[in-house]
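Two complexes are shown next, each including subunit A; its partner changes from subunit B in the first to subunit C in the second.
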Partner chain A sequence: MSIATQLILNGIIAGAIYALVASGFSLIYSVTKFMHFAHGAVLALGAYLMYTFAVGIGLNFWLAILLTLICSSFAGVLMDWLVYRPLRKRKASGAVLLIASIALMILVNSLILAFWGADVKTVPVRNPVFDVLGARVTLIQVIIIIVSVVLLLALWFLMKRTKLGKAMRAVADNKDVAMTVGINPERIYTYTFAIGSFLAGVAGILIGIEQNLYPIMGLSLIIKGFTGAVIGSLASVPGSVLGSLILGLVENIGIWWLPSGYKDAIAFVLLFIFLLFRPSGLLGVKVREA
Partner chain B sequence: MNRTLIGILSLLLVLLVACAPAQEQKAEPEAKPVEKGEVVFGWLGPLTGGAATIGVPVKDAVELAVGEINANNVIPGKNLKMIYEDDSCDPKKSTTSTQKFVDVDKVTAIVGGLCSGTVLADAPIVEDKKVLMMSFSATNPKIKDAGDYIFRNVPSDNGQGTAAASLMQKLGYKKVGIIHIQNDYAVGLTDVFKGEAKKLGLEVVATETYNPDSTDFKTQIAKIKAKRPDALYMVSHPADAAIVLKQISELGFKVPIVGADASKDDAVISGAGKAAEGLIVTLPGVPKSPELEKFASAYKAKTGKEFSAYTPEAYDVVYILAKACGATDCTSTAMKDYLYGMGPYTGASGTYEFDKDGEVDKPYDYFVVKDGKWEQYVAS
Partner chain C sequence: MAFINYLIHLAILVGIYSILTVSLNLAVGFTGLLNLGHVGFFGIGAYASALLSMYGVPVWASIILGGFAGMVAGILLALPTTRLKGDYLALATLGFAFIMGSVARNWTDVTRGALGIPGIPKIVRGNTEFLVVVLIIAIITYFIFWKISRSRFGKTCEAIRDDELAAKMLGKDTFMHKIAALGISAFFAGIGGALFAHYITFIDPSIFGLGDLILLFSMLIVGGLASVKGSAIGTIIIFLLPEPLRFIGFPSSILGPMREIIFALILLLILIYRPKGILGKVDLA
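Right, the complex of A and B next:
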């Protein structure tokens, strides 16, 4: 019995980690309609900033978190201002923006490598272990699960209930119509990147503590987060969180029977199945191309 | 009128700037003494990814050797130039770098690769182009047959797998589990280990693997834990070894662990913390010698750190290749023939000689993590 609970719990923890990555990624996608893969790099940057503030400079833990979140938000906004906005002004296609985002990711990864070096870094925190129905889970893992649920609710509230969320949805639906009612899309994009990158900062702090820090940590995470988002629905934050949880569970329960080397294969088979048969994802609405 | 004046002035300025360095360049060759020839080697290893914590110090040791060789004129009349390429221990990247080495840089020899997978992938390229390649750390048994131009100054994992299995038998374990990274190095080593374990009457009850760059091993660990082994054999790169150890402890799996050479890294201790305590690893032996002490103090003077796994071997490789270059006409083929008949070489990593397959024979050392530090371990 304890093995079954441990497996499900492992799946939920993995899913929650993917959800932390996927939520910000799909928030940005839903509004700007392009894939911001550098989101993974912002996440890694967040983890390293947290390390620098908390371990390097030795600031108070909560102050370090606050500073990290502010800096992550700003890093995302800066990426939008310096790279994506000039490209949008030139009416660059989605493919160009996608390639720009991959280039940005490589750039930031290399900068992290140059500044912090290649060795593995850790943010030491007290991390007690609990027994839950015969399975074991650490405090950080519990926090990761709780935060991913809270984020899901908060983002749902933001998109459906606030003025900013409504404006974001309006820009997402039709930029030109949104402009005619007085919404400035560029400003909405800035807010979107700020909130999305804030989420990357949250993910970076938690995942950095859980799994240690290394420069390319964002790459494998963004691939899994993207897979989770496609399964749920790229353009819907609740969908991407749901998809991430499904991905984590399927991967971890799948390798109980299959050899564990197939873990990534399971994820990508799932990705292809969804891309082929349900590209809009579980919660997505079918969109007919005009 | 004014604009013409500014135009003429700026033209003059441009001419002045353009001419100044040209004059300097002309003067330079006269000032220089006799022009030295140049021999180019390539270095291949991971500066990024899970094995970067091994690759970066190794690069320092190689830089140290190159500096000494040039300062002491080890290759008479020639200056040694080393070109460094990062392969992340990824065979896809390393073949690209090796192609560049042989086609663009036209290197005489390659120092590396660090990982078995990259050496095996690069071997057909260097064999085809007849370029010498010498690894200081790739231990997969298959490298023995990789080609005439492929050498290494570390022993094959046939020895390491045997050393680990007999240690575990000596410690009284009956049932062992295995967790390893999915690459040529780990697959080759665990195959040897399994064969030897069978001979010694050890039962392998579980073998779990994970892909490079993975960070979540909890389900693999839970699967092994369910089989209740007496001990665990772990073949991992430093970055993942740290997380494997951390998650083993988080899952409350109390099991003695024996690891392989790639886990003998400070990053494992700093990354895993208390969870690394008691980890025993096998490492190709580097016996105490005046040569080793000389290397250790020079390495410390350069980097401010104690030397780490495979830095003495890499330092030796540069010296051996420089020696071969100096003793021959410094072509890959002549150097290769020289190495096969070189006889015993004494360097920082011990005294050894290359056999007909370009392999060396060395003993193994054991290390254990005690109070957050690596200590020599004596199997009683």
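Right, the complex of A and C next:
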């Protein structure tokens, strides 16, 4: 019995982690309408900066978190300014932006590899273990679940209740009409990348503490993140969070029958099924024609 | 002597990668299918040929079978996915490459997982002889793709890329054309993978990695979409560009990431400043 509880709990924790990745990814997708794979690289950068600030330089823990979040937001905005904005200016297609984002991803991954090296790093923190219904859960995992719920609520509030959120939705719906009512889409894109990459920073810090740091961590996480987003709905943040949760549960309950090495394969099979039969995801209404 | 050996090594890799780039161009450049799973066919060809040859199949036959393994995978992937548009096709084909990597890592009874397969037999004894083999196959490949690009089939593929509905209205079976384009493209990727496996004599699941994908797209886009000659030129340029770094004396732990950084930067710059590449006819749709 406790094995079943443990698997479900592991599924929820994994789902919360994927949701942290997917929420920023799908926020950016919903406004800019292209897949920003390099989101995973921003996440990895966040984890490594946290390591450097907290362990390398030995700053105060909270100060290190603050600096990391500022740096990751800025990294995302910089990507938008230096790469995506020039591409948008020459009216590049979604395919070009997609290839560019993969190139950015590899670029940042390789920079991390060159600066920090290939060895696995850890951010040591006190991480007591709790017992929940016969299953083990660590403090960091509880924090991850709480933070992903809080962030989801905050994002919902931002999108539905604030002026910025309204402007973001307007740009997402129809950029040209948004311009005619005086919204500057470029500025909205900058805010979107700042907020999305802030989320990547949060994810990077938490995942970096919970697991280990390795240069391609961003890649494996963004794959799970976009799979979760596709399952829920690429263009909807609540959808992508729901999809991530489903992905986490299916993966972890699936290893009841399959060897645990097949976790990734389960995710990809799910991704395939949804791409082929319901590309708009569970909560999506329409499929965007390319 | 060491320098000549190094040049031969480079020439062999350029030959193999140009087969990959030229074949990728049929799907991405000519037919407009944004296929991010080319490394999947490459890896399948490599694994299939390596395993077959180790079970006693003659190497030349296993290379051709490696090509067919790639083609079967290409057709199986194309059947459900070619109706997907743009980003979704890209995601599905990328997912395919990841699944293949995952299978190679986990199907340990056959692939030995992360340990990889060492001791793959060589085709010919020396590298110079192997270079001749690769060059002959590469030239045959260019010739075939050059013929395809000028054939009725190739023109129809380009019509599908530019306006699928119009091609349909002219009575073209666009579905079959897309399947055939991806199948042919995957066949040559499989051949390229097989040549790679028999040259390096060792393969592991990292063959399915994203790094090679970026390398292929840099070559493809620098050379230019829908240009067979462009793909060959792009391969040579991109492959040789980071080589001088070797002589500056960076440690190998920096050299690997440095190469990837250069490839990624070139790809970004060309996408921003010269999206049609050197000889390209179209932009990435």
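Here is the rule we use: the second predicted complex is superposed on the first by the 286 of 290 C-alpha atoms of A that agree within 3 Å, B and C clash if a C-alpha of one lies under 4 Å from a C-alpha of the other, contacts with A are read in each partner's own complex, and residues count from 1 in each chain.
Heads up, the rule we're going with is that a residue touches a chain if its C-beta (ideal position, glycine included) is under 8 Å from a C-beta of that chain, and two chains touch if they have at least 3 such contacts.
Computed from a predicted model, the values in this text were never measured in an experiment.
> Please tell me, clash or fit, for subunit B and subunit C sharing subunit A in the overlay.
clash
> Let me test your reading of the model: by the given contact rule, A:264 touches which partner, first (subunit B), second (subunit C), both or neither?
Both: A:264 reaches subunit B and subunit C.
> So, does A:256 touch the first partner subunit B, the second partner subunit C, both, or neither?
A:256 contacts subunit B only, not subunit C.
> Please work out whether A:98 is in contact with subunit B alone, subunit C alone, both, or neither, and reply first, second, both or neither.
After superposing on A, A:98 lies in contact with subunit C but is clear of subunit B.
> In the superposed arrangement, does A:136 touch subunit B (first), subunit C (second), both or neither?
Once the two structures are laid over each other on A, A:136 reaches subunit B alone.
> By residue count, is subunit A touched more by subunit B or by subunit C?
With both complexes superposed on chain A, more residues of subunit A are touched by C.
> Would you sort A:13 into first (subunit B), second (subunit C), both or neither based on which partner it touches?
It touches subunit B, and subunit C stays clear.
> Touch check for A:118: first (subunit B), second (subunit C), both, or neither?
Touch status of A:118: both partners.
> Figure out whether A:3 sits in contact with subunit B (first) or subunit C (second), or with both, or with neither.
The first partner, subunit B, only.
> Which of the two partners, first being subunit B and second being subunit C, lies in contact with A:190: first, second, both, or neither?
neither
> Using the superposition described at the top, list the residues of subunit A that contact subunit B and also contact subunit C.
113, 117-118, 219, 259, 261, 264
> Spell out the residues on subunit C that touch subunit A in their complex, using ranges where they run on.
Where subunit C meets subunit A, its residues are 34, 36, 80-81, 84-88, 90-92, 95-96, 98-99, 102-103, 105-106, 113, 210-211, 213-214, 217-218, 221, 253-254, 256-258, 260-261, 263-265, 267-268, 271-272, 275, 283-285.
> Tell me, which parts of subunit A touch subunit B in their complex?
Counting only subunit A, the residues touching subunit B are 3, 6-7, 10-11, 13-14, 17, 113, 117-120, 122, 124, 127, 129, 136, 138, 211-212, 214-217, 219-220, 252, 255-256, 259-261, 263-264.
> Under the definition above, what is the set of subunit B residues touching subunit A in their complex?
Interface residues on the subunit B side: 47-50, 52-53, 55-56, 182, 208-211, 213-216, 218-220, 222-223, 226, 238-239, 242-243, 246, 250-252, 267, 270-271, 273.
> Which residues of subunit A touch subunit C in the complex?
34-35, 83, 86-87, 90, 92-96, 98-100, 102-107, 109-111, 113-114, 117-118, 219, 223, 226-227, 230, 259, 261-262, 264-265, 268-269, 271-272, 275-276, 279, 287-290
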